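In the two complexes that follow, chain A is the common piece, with chain B as its partner first and chain C second.
Right after this comes the complex of A and B.
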């Protein structure tokens, strides 16, 4: 089964326009101006859907939808945000049942606008169920997708359309998740695919995602070995987004890390990023002596540079070994800046040749000390397609190479 | 004591290797790229070169190729974060005598050196 880049772009645009329609409906009802910040399609492990939600309380509504496209969709917002919205809708009425009812009604109108856009594009009818109020902590608020995990021997991955919406003047976000039934979406994608031009086999994209997970695990093992900090790979996913949305893939806070440009099939950029406190903690764990002060010294940055280098290799070596090719990369360049300022020039460079981009995102963390690291890869779209064409699924497990065998 | 040249663009890694090696080896130089590695090798002819692969100006595989072309008896161990089979084959083709992947610990470094330059 294949999907072409143009169709992915179209579906992404549909989700984006649907989210805009939903946001406009909300603004009309409540008088609160908001904007769709970013929309992307993500191929992700079922268990990782909603990983961007923190441990706060969330509420929302969910619907099932059926027709040429079937699945489940949810609007999710944090509780303070929902209170602001319902207060705008029903001023002064703070009764819990009215708050729930308000959220349901806002969700109903917003999500109808979201789904209607898809139906219009597909020139068909998509029915949806009445809204169901949902609430929960963090990602638990997101409903399970309708499909069974691993059915028909399939991998446990699914495509999620996610839109992030921000108030214009406040830093409150809410999300629209669309969890299409796997078969329904892939069948639709296949119908729309121009397989003669730029098609990507979906099964290979899933295998590539699994390779990325193993690359993240390897990078996490390398961190553990160098620092003694027991580190776990947490999330790995491939997203597809408009070039202009690429810089929004990471939080706009300050990061320290490395960037390398890799060449080969595929070429692109790879970032290893730490928040400042994590960078300091991880660098000091690599040093033989204790450091005084809160600032990052040259010794910290030298350690981060080397760690970035080793994590980069851990991440891309698996791709090279499975694809039986070599992926060269430049020496790591140290970066210390705001997230979007780091990604902006890289997206601009990739965007000279393409309108959309695949973004590979991974994250690792530990409970022992304050430590989180992110790895983001921005491969050239056409070359990623070539790499996937050359990928032999039966070699997918062969991510490691043993120098002792080769140097016998 | 065997003389060792360390070629790595990372100051952190040069320091780490020096700490591991200096008890039993004489570090005769530390360089940051492949061009400097070739020059330092020709100048000092150490018993062993610990060579990174990903370095600016000239990478470690090219530098190894040039060192081995000038002296086939030279001993070069690749000491790199790159764990790609094709790169390892390129290193063999360039004449490398051993290959250690970062991150490493002292025993694996000493074992690789013992294989190439027995004490």
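Right after this comes the complex of A and C.
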């Protein structure tokens, strides 16, 4: 089973347009202005779907769809956002049952637009069930995907289409999740593949995702070793998004970290980023003396630079071992700036040759001190495909048995 | 693209804020505040026509549309500036009254080994395009190695530039 870049791009565009249509329906209905911020396709572990929801309270609607593409989809809003929306729809009536029917109403309108967009493109009919109201805390609000594991019984990763919609006045966000049945989506992608030549085998993409996970684990181990803080790799996923959406993968608050350019197959950029509080906490854990004050000093940033360096090595070595190739990288450059401004020049450099990009995202955190680190990789699309082509699946299975052997 | 019509805004209402994303543009004729954030090598081009009170902002990412085929004109410095100018003209603005303020084009994290980086090339193309349209650049805060966020005040045409670790600038 293969999926070509072109169809990933097309499908991403489709999801983006669907989300725009859904948002326009909502705006028309409520008079509230909102804009689609990001749309991306993510290949992610089942357990990690919706990790960006943290532990807020969410409401929304879900329904199933059937046809050439089948699966389940959900519109998720945080509670304050839903109250604003339903208030716009039914002014003055804040009774809980009305709020619920308001959410259902809006959800129904939005999601019909979303699904119809797909059906139009595929020139087919996609039926959907009536919407069901959902509520929950954090990722629990997202329904389980309908399909079982892939036909080979091994797949525990799934493609999720995720759109983030920003509601301008209040800066609250809502999300559309689309969880297509794995087999249904992959066969559709195969059908819509333009050429065999630029196709990526899906199972290799999954393996790559797992390898990234291992690379992150290795990087986390390095952090534990260096700081004495027990650190765990948390989430690891590959996304596919328009180049202009790449910088939006992170917040625009300030980050401290390192960036390297790596060369080889694939080439690209690798970022290790800490939010300022995490940077301060983790740097102080590495320092022999207590620091006074809240400001980040040169000592803090020097510690982060060192840490970024060993995390980069851990991560890149992981890739190189799996791909059986050498991946060289430039010395790390220390960066301390607005998150999106950090990603922007890197996206632009990659964007000279491609309209969409794969983004590898990993995160690690610890319970000991308040600390979270993100690793983002931005590989050249064409070269990633070549690298995956050369990747032997057997090798990956070997690694399954003994990851330590590879990540020594 | 959204166009905001001044006639609808009541005077007592708070100033409207319009967020302009990467590779997007927007215009206003009702004094709205246009914002864009996270400019690294990207450039924010603000164009203002005092005579009709029209303002517009585009957030461009790459130098020229020739480099990459297809897609969104607001992504590129050349087509982005042209698109913004014609959107302002559609709102009754006149290019002979327009002035431009630009910010961004940092060369932070530029790994290119030869020639100038993307930030510098974005700048060159923005300048050339505005020059060809005869729109003067009256203020600029460009280059350097830091990111910027912008706020264009539609009432005055002032462009406020925020950077991490630096004083705010009003252009």
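FYI, the second predicted complex is superposed on the first by the 390 of 408 C-alpha atoms of A that agree within 3 Å, B and C clash if a C-alpha of one lies under 4 Å from a C-alpha of the other, contacts with A are read in each partner's own complex, and residues count from 1 in each chain.
Convention: a contact is a pair of C-beta atoms (placed from the backbone, for glycine too) under 8 Å apart; a residue touches a chain by one contact, two chains touch by 3 or more.
None of the values given here were measured: they were computed from a predicted structure.
Q: Go through the superposed model and pick first if A:309 touches only chain B, second if only chain C, both, or neither.
A: Once the two structures are laid over each other on A, A:309 reaches chain B alone.
Q: Once chain A of both complexes is superposed, is A:101 in touch with chain B (first), chain C (second), both, or neither?
A: It touches nothing on chain B or chain C.
Q: Contact-wise, after the overlay, does A:330 reach chain B, chain C, both or neither (first, second, both, neither)?
A: A:330 sits against chain B and chain C alike.
Q: Looking at the overlay, does A:222 come into contact with chain B only (first), chain C only (second), both, or neither?
A: After superposing on A, A:222 lies in contact with chain B but is clear of chain C.
Q: So, does A:164 touch the first partner chain B, the second partner chain C, both, or neither?
A: Neither partner.
Q: For A:320 in the superposed arrangement: first (chain B), second (chain C), both or neither?
A: In the superposition, A:320 contacts chain B only.
Q: What part of chain A is shared between its chain B contacts and its chain C contacts?
A: 330
Q: Help me check something: in the complex, which residues belonging to chain A touch chain C?
A: Residue list for chain A touching chain C: 33, 35, 37, 166, 168-169, 243-245, 247-248, 252, 254, 259, 261, 269, 330, 333, 335-349, 351-355.
Q: Enumerate the contact residues on chain B facing chain A in the complex.
A: 9-13, 19, 54-56, 80-90, 92, 96-103, 105
Q: Quick one: in the complex, what on chain A touches chain B?
A: 222, 225-226, 286, 288, 299, 302-303, 305-306, 309-310, 312-314, 317, 320-321, 324-331, 400-401, 403, 406-407
Q: Under the definition above, what is the set of chain C residues touching chain A in their complex?
A: Spelled out, the residues of chain C in touch with chain A are 2, 17-19, 21-23, 37-42, 61-62, 67-68, 70-72, 75, 106-112, 117-119, 146-149, 164-165.
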